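The two complexes that follow have chain A in common; it is paired with chain B in the first and with chain C in the second.
Now for the complex of A and B:
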């Protein structure tokens, strides 16, 4: 298929359809409304179902129901709406059900602003709801990457029987860029056949039950399995991009839109002879700890965490990975304010030339 | 080659669709492009703007502080954005609506009475196409054919006269842009 110019939100929606998503329920909120708008006509075209729920709580619970049936299901929202869905997310994880949740994030806290921000990192990576479950969190930085990751997210969700979060800020949601779509996936219930509740014609098995309620002993065992799963993610599923890292003395750490702006600034800093590189986590959880472990700390002088968040939220993960071997600085904008190539350049330049406190 | 273009004016002047068609023609010419509309409550106040970045290689930051070309379709847009243009950049202003005197001496200025020309051609709505033509003529960033095919796609279901009028407006703009070289 040829490259087409498409908006970030719409590109995600089409990629989900191609990945086999056949159910969407959601409630409107800027800046992600093009996802439900697109799916409202696109899903019926491919035999799927679209529901505009009466609320975020209703929507995530409809996704819960569809997932129990073995249907590839998703919802999307933006920051305050995602908060409303956290109970449902916990139930999905508690019941071991797959689903894709897309957060096109905006400035917070509270109702905040409709403008872009990256202030949901902590929520996404540490506690997407009560009860101590974790989800894989993917953070694309180009629209092609958003398409490719969305396409894969459903597979991860089914493999792990756990919801997956795609986290992308509102600016990438609003940008148009060229994308190329993968082919339509063949629909099959292979990934869910062993547990889904759908009973096909001619099937003679006993009815099944799925539940988020367990006796203590079993629940503890379930949680041990979840801990094991998290370990496996860290072993096998980390995705990270290293940019100009070979001789880097100063390491920018940034994801999503911030990584793109940082790359531009880094190229300009390199022209001035400053040895700056970038670590871009693509999976925010599992966080690419090993990349930090493998660095040469005789060479690396400092880290600079650049985010659309004040205070920076990824910093805790960087600090844990760096373990005090080099100082960590941060630069960000917040509340829907954006930085650009020049302000990021200035922030890094200040640290590189020793001007930072 | 990397160009970032800022199109600005008010709602109804074709800012967003003009910017979109520029990005679309770039992608169809096998270039990389990003299109970033300004969105938010401000849009409802009547102003419209978008940034289009066109490049031969992958576009890193779509958020840029300074653009290499600016199209300002009215006084408000001019006042808001004339400082956002890089030194040596190209400023194309609507002479019918920008009343301020241009003070910047470090940029190339094309002042075009695009509203008047558009009415002469037959429709005030095509003023933006004249300005985009001037941009193409003066910068060579995209071919005339690439942009024409984008116009064709947009107006495929309209009467052939619409397409014809757009083509005349584009050529008129290109001529003005080329004469300025």
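Now for the complex of A and C:
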């Protein structure tokens, strides 16, 4: 298929359709409105359903209903709306229903700003709701990657019977880039037939119940299964990009838009002879701990966490992975303020030349 | 030869009820089960459970079930029905679930004319959490959060959901029945069946309110609670058919 020029939000919407998504419910919020707008006409074209929910609370619960039928379902929102979805996300995980939730994040807390930010990292990776469940969190840094990850997210969600989060800040949602779309997936109930409430062609099945209520003994077991699942993610599903890491003495850690800007800065620093590299987590959860474990700490002198967040939110994960073997610094902007490659250059340069306190 | 004139509906499991003695939730559930039997929809029905005492039905109902979050049954039903338009989908909600935390979901689903049925069990209290005030609690009614009786001055007036919902254009059938006496029970049975029938015909949103009790948190014997309904509940929540688009000429 030929490449097409597309806006980030629209690219995600089309990728979802190609992945077999046939249900969307969502509530307007900037900067992600193009996703519901696009799907409001695109889904009916392919025999799917679009509902403009009366709130994010309603929307996530509509997704819950569609997912129970085994229909590939998604919603999208931005930070304040995602907060409203957290009970519903907990119910999805509790009832073991797959779904894709897209957060095109903006600055907070509160109503904050409609400008881009990466201040939802902790919410995304630690607790997307009450009850101690976790979700896989994917963070693309190009639109092609956003398309490819969206396409795969539904498979992960179905495999694990758990919601999946695609976290992308508002700037990536707003830019236009060339993307190539994967083909339309054939619709199949293979991944959900064992548990869904759908009618099965030519087969009578026993009545089924999908609920997040369990007797204590069973609930504890379910949670043990969830713990196991998290372990498996860490074993098998970690995605990470290493950029100029071979001889790196200073390691920038950044994801999404921050990684993109950092790459520019690193190229310039390299030109000045500074040995700087980048670790870019693509899965924010599971976090690429092993990448940090495998580093040569005789070579690595320091880490610099670069985020659109003050204070940096990924820092705790980096510190845990580094285990005190090298200092961790941070640089960021917040509240919808952005950095450019020059300010990132300066921030890294200061540390590289021993100027950081 | 003996003829069987009364039996357990197919949609109910043969097991003893865990509802409090005299509670009308099981009766409401049975009326729905009867209607589903009569319509031959046992294998096609999807029961969306609320959060509240009636979620206990997950123990007794035989058929597909989906447990929704508190107040969100109409949203979950929307998602399911839009994905599976051929199924007979109904939600059963209490008054805390529907008229307080879930007010946006019920009004919006009704306003969209979603093609499913909502059964609304109004017992004028939050039974499951111990009998606190609900939006439907009667003026003067004592609850655990209105020790001296509900005071309109600070808590407003009981909400009449049938009246409110029937102001919307989309709903196809809106009716209220009282389950404290045989007459209302018989009418309810017909109304429930009618609502489900309309759904099968694709007519859109149907809403049946069932006035029920909560002897346990009302602090009454079952019989006292039925009398209380007759003298207090029914005069405020007047039973009747508030909207029936199928009946007009």
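One rule holds for everything that comes next: the second predicted complex is superposed on the first by the 354 of 357 C-alpha atoms of A that agree within 3 Å, B and C clash if a C-alpha of one lies under 4 Å from a C-alpha of the other, contacts with A are read in each partner's own complex, and residues count from 1 in each chain.
By our rule, a contact is a pair of C-beta atoms (placed from the backbone, for glycine too) under 8 Å apart; a residue touches a chain by one contact, two chains touch by 3 or more.
Keep in mind that this is a model prediction, so the values were computed, not measured.
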{"item": "Partner chain in contact with A:263 - chain B first, chain C second, else both or neither", "value": "first"}
{"item": "Which superposed partner A:247 touches (first chain B, second chain C, both, neither)", "value": "neither"}
{"item": "First (chain B), second (chain C), both or neither touched by A:5", "value": "first"}
{"item": "Touch list for chain A against partner chain C, complex", "value": "22-23, 25, 49, 51, 53-55, 57-59, 61-69, 71, 73, 87-88, 91, 95, 197-199, 204, 207-213"}
{"item": "Residues of chain A touching chain B in the complex", "value": "3-5, 31, 114-115, 142, 171, 174-178, 257, 260-261, 263-265, 267, 338-343"}
{"item": "Contact set on chain B toward chain A in their complex", "value": "20, 23-24, 27, 32-37, 39-41, 58-66"}
{"item": "Touching residues on chain C, where the partner in the complex is chain A", "value": "43-44, 46, 48-49, 55, 58, 62-69, 72, 75-84, 86-87, 104-105, 107-108, 112"}
